[in-house]
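Naming follows writing order (A, B and C), and every chain is counted from residue 1.
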Amino acid sequence: MSGGPLDPPLPHRIASRAGAAGRDVQLQQFVNRATDIRDHARVEALDAAFGSRTEAVRTLAGQIKQHTLDHLDHYVGQFADAATAAGVHVHFAADGPAANEICLAIARRRGCRRCVKSKSMVTEETKLVPALQAAGIEAVETDLGEFIIQLDDDAPSHIVAPMIHKDRRAVGRAFEREIGAPYTEDPAELTAIARAHMRVQYQRADLGVSGANFLVAETGTVVICTNEGNADLSVSGPPVHIAFVGIEKLVPRLQDLPVFLKLLARSATAQPITIYTTMLTGPRRAADHDGPEEMHVILVDNGRTRLLAPDTRELLRCIRCGACLNTCPVYRKVGGGHAYGAVYSGPIGATITPLLAGLENYPDLPHASSLCGACFDACPVRIDLPGQLVRRRREMVETRVTGLLERSLMRAWAWSLRGPRRYRMATRLQRVGLRALGRAGWIRRAPPPLAGWTRERDLPVPARRSFHDWWKKRERGGRP
Amino acid sequence: MRITLFIPCLTDAFTPRAAVAIVKILEYLGHDVDVPATQTCCGQPMFNAGFHVEAKRLVTRMLDVFDGDATVVTPSGSCAALIRHHAPTLYAAGTPERQRVENLGGRLYEFVEFLVRVERMDLAAHDVRWDGDVTEHFPCHGRGIGLGDETMSLLRGIAGVRLHPLEHRDQCCGFGGTFAVKQPAISGGMLREKVSCIAATGADVVVCNDAGCAMNIAGGCHRAGTPVEVRSFAEILAEGLELLTREEPS
Amino acid sequence: MSNDTAPSGPGLSRDVFVARIRAQLDASGPPGPPPSDSKLVRRVEDGADLVAEFASRATEAGMAVETVSPATLRAQLASRLDDVKRVTVSMSPGPRRDAVIDVVTTLGIEIIDWRRASGVLAHYDADVGITDVAAAVAETGTLVLSSGEHHSRGAFMVPPRHLAIVPRAAIVADLVDLLAAEPGRPPHERPAATVLVSGPSKTADIEGILITGVHGPGRVEVLVVV
């Protein structure tokens, strides 16, 4: 499957979509408001919970994750041993197709026909649902937002709130068209329709697929956080449960979980903890009367070992809370995640997508940031996202993905700053040139490379006299 | 105290009055101000754009220009953040340059930061008055140097200032250096939101301490026909102390 | 299916997979203990009034909480099951379970025996799932439910109402206490499923508007026995 918003023609240019969203003012305002509410709620929730300790708590969470990543070989092995001891089949997938193929092989062996699936970003990476459908297995997304996205053949635009770009009317239309429900715009009625529809799916399903938020190495436990409860219903009914999990989800011990459970829910949705925190350590035991007969964990690499390089390792600390998306003015202005043209959007997506899919394929993403730093402030595991974006820019310069014209201009500018005489001369030239273009102190339309500036705002002309000229004259005249 | 001023390129060319205000305030406070004639640019534009070889050359120049142990004051929070947090990463740990850049970062302050953390200026002890309706935009790189509400608190300490809170005061105005030119649609969207929040305050003056953001906001207000003047806090304070003649908002 | 020998089909062997990871790391060998600071992370101290704390946090989370004495438990149960036709009961054997069964039977309510059914399906016919808890957490108003011989995964997820009975002794102060280091219990001796429930099922997927009861129960009622 290709051509969807998350699978655009390459190289992907964010500007085209940003422009479209800018014209689609309603969408932009909608996303703006939704993210703004979430962002404020996050700040209040963390402040209420931890007050002045918040920074220290975030630092600790980042350190635990960093420690785990620094010793990831050990913890992956420890997890595999413990999970196997608990009766889990652990699989190791190098990439998306391999992960899907492992899943399909299990489904074939068990004769599975109907899959209920809870939300998982990894399965978005691997494009699992189309792969299941191609193999003749019916696959239903059970998270309400993901379900509506699936009905509309759309793509999620937010890590936590996948249909943040859709309103209630779109939901009403999708339910009317796809599942024959009478049209309504009432969110409670819409939710009730989804509930009734989904209960039938849960009872018919013979395969449950989930992601995971954490893997506990010490005990081999898979931890899944949801608010709806769809993961529990998806994986406790069917005889087979398969969890797709990126290797960055590991934490060492159960006792390391509280800091993450406390931060994740507050950062994502301003809750003290998600409604359901489900800890699964193996399939049903001999004495149990329900639960899956088989449980599988597919550990997915899919580019993650590349990110494990020292310079980018911190990116794997990400716990997918979505706080950096909600707080990012760029994410808000482009109308949400689709503009990024990849599974992960916002600041985290802008920095990992070029690493996973190539700088040359996503040359706009590292530059789609004013480096304002709001994401760094919001990140519960303190990933230096602006610093990482600057590194991507440096890599673009080093690998000449940045074009010759831009490289020449920047180098000429840098040259002009390497001595006071050059600097004075350049400042003077700039003053004369820009003052000639200006009327009454303002330039309404400037030539390249400043054309982008005057497309959106006027450019003030330089002052008649620079500060350094003022100072020199004052020094000559002697201070009073 | 002997204070060396670092006046970066945008302030030098576009908002020199903000730098003049800083000179006058520092002298009013009894400091001995010096402006090394050899200074140019800290290399921030190159650093942020990924040109780190070029940025490193300019930072290394800075180390010579601002050699010694004098306190350095600059109007730009983003230049201060560059020297303090990012420039050290350009040099290997343990090298003499790394030590020098860390030393410079330790004695370089953004102006408001200097007033609050070093000077500990108490406005109540001075005869300062500035009448007008003011709002304040928080430049993002204040974050980088750990600033928060300092400018607002200082403004509240000036008799006559009617401070109108700005909604989303700490949301980026869309400047971001080359970002404003490379991604005009996104940057412009951010700027329009900033301008409409400023207009909604009803203030005549918006205080903004970073020259880049100030140019961006001024340009956005001018394009939108929003009659708001952009000033640095230093200008308001210098006018309030009658060190500069007040420019009436037009 | 062993995971440390050759891969079965499309997967990598564990050794190859781990070697790819190791190639990016400097350190090798077993790590020291991870950074840890339970004092920093803790929000509720052990000395707090845990019943009051639990009740107020659970209420904030949208659960209906009532404190009862052993003497009033039966009456409270009866009043809550007034209009109910079918229930499932997922509790450890003992006097409290006997009390529940007694009350339910007296009211003429059908008890669906989920042990005889296949998987969790039995619970889809129940109006209320009645459970005890493995523990509860005051900090977040959380009910902790574990699977086992006497405990179904469906009772607290499938019926539209969940009624939980929580003895005071089951309440711990903080998540830190719930997940504290415990003497090593091998993975296969842990419950296969332990679910922390902190409110009725919720979604805000449609325009950020909070709706309860999307997949799991829309009502969670808690009787704290003191």
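The rule is simple: a contact is a pair of C-beta atoms (placed from the backbone, for glycine too) under 8 Å apart; a residue touches a chain by one contact, two chains touch by 3 or more.
The structure presented is a predicted model; accordingly, all values stated were derived computationally and were not measured.
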item: Relative to chain C, chain with the most remote C-alpha centre; value: B
item: Chain nearest the overall C-alpha centroid of the shown protein atoms; value: A
item: Centre-to-centre distance between chain C and chain A (centres being mean Cα positions), rounded to whole Å; value: 29
item: Intercentroid distance (Cα basis), chain B paired with chain A, Å; value: 32
item: Length of the line joining the C-alpha centres of chain B and chain C, rounded to whole Å; value: 53
item: Chain A partner contacts - residues on chain B that touch it in the complex; value: 7, 9, 11-17, 19-20, 23, 35, 37-41, 43, 45-52, 54-55, 57-58, 61, 86, 140-141, 143-144, 168, 170-172, 174-191, 193, 215-216, 218-220, 222-223
item: Residues of chain A that touch chain C when the two form their complex; value: 34, 37-38, 49-50, 53, 56-57, 60, 63-64, 67-68, 70-74, 76-77, 80, 82-87, 89-94, 97-98, 101-102, 105, 142-145, 148, 161-163, 167-168, 171, 187-188, 190-191, 194-195, 198-199, 203, 219-221, 227-230, 232-233, 236-239, 247, 251-259, 261-262, 269, 271-285, 287-291, 298-299, 301, 305-306, 308-310
item: For the chain C and chain A complex, residues of the former touching the latter; value: 1-4, 7-14, 16-31, 33-38, 40-41, 43, 57, 61, 114-115, 119-121, 124, 139-140, 142, 147-149, 152-154, 157-158, 174-176, 178-182, 186-188, 190-209, 211, 213-216
item: Of all residues in chain A, those that touch chain B in their complex; value: 14-15, 18-19, 22, 28, 32, 36, 329-330, 333-334, 364, 366-374, 376-377, 387, 390-397, 402, 407, 410-411, 413-414, 417-420, 422-423, 427, 430-431, 442, 449-453, 455-460, 462-463, 465-468, 470-472
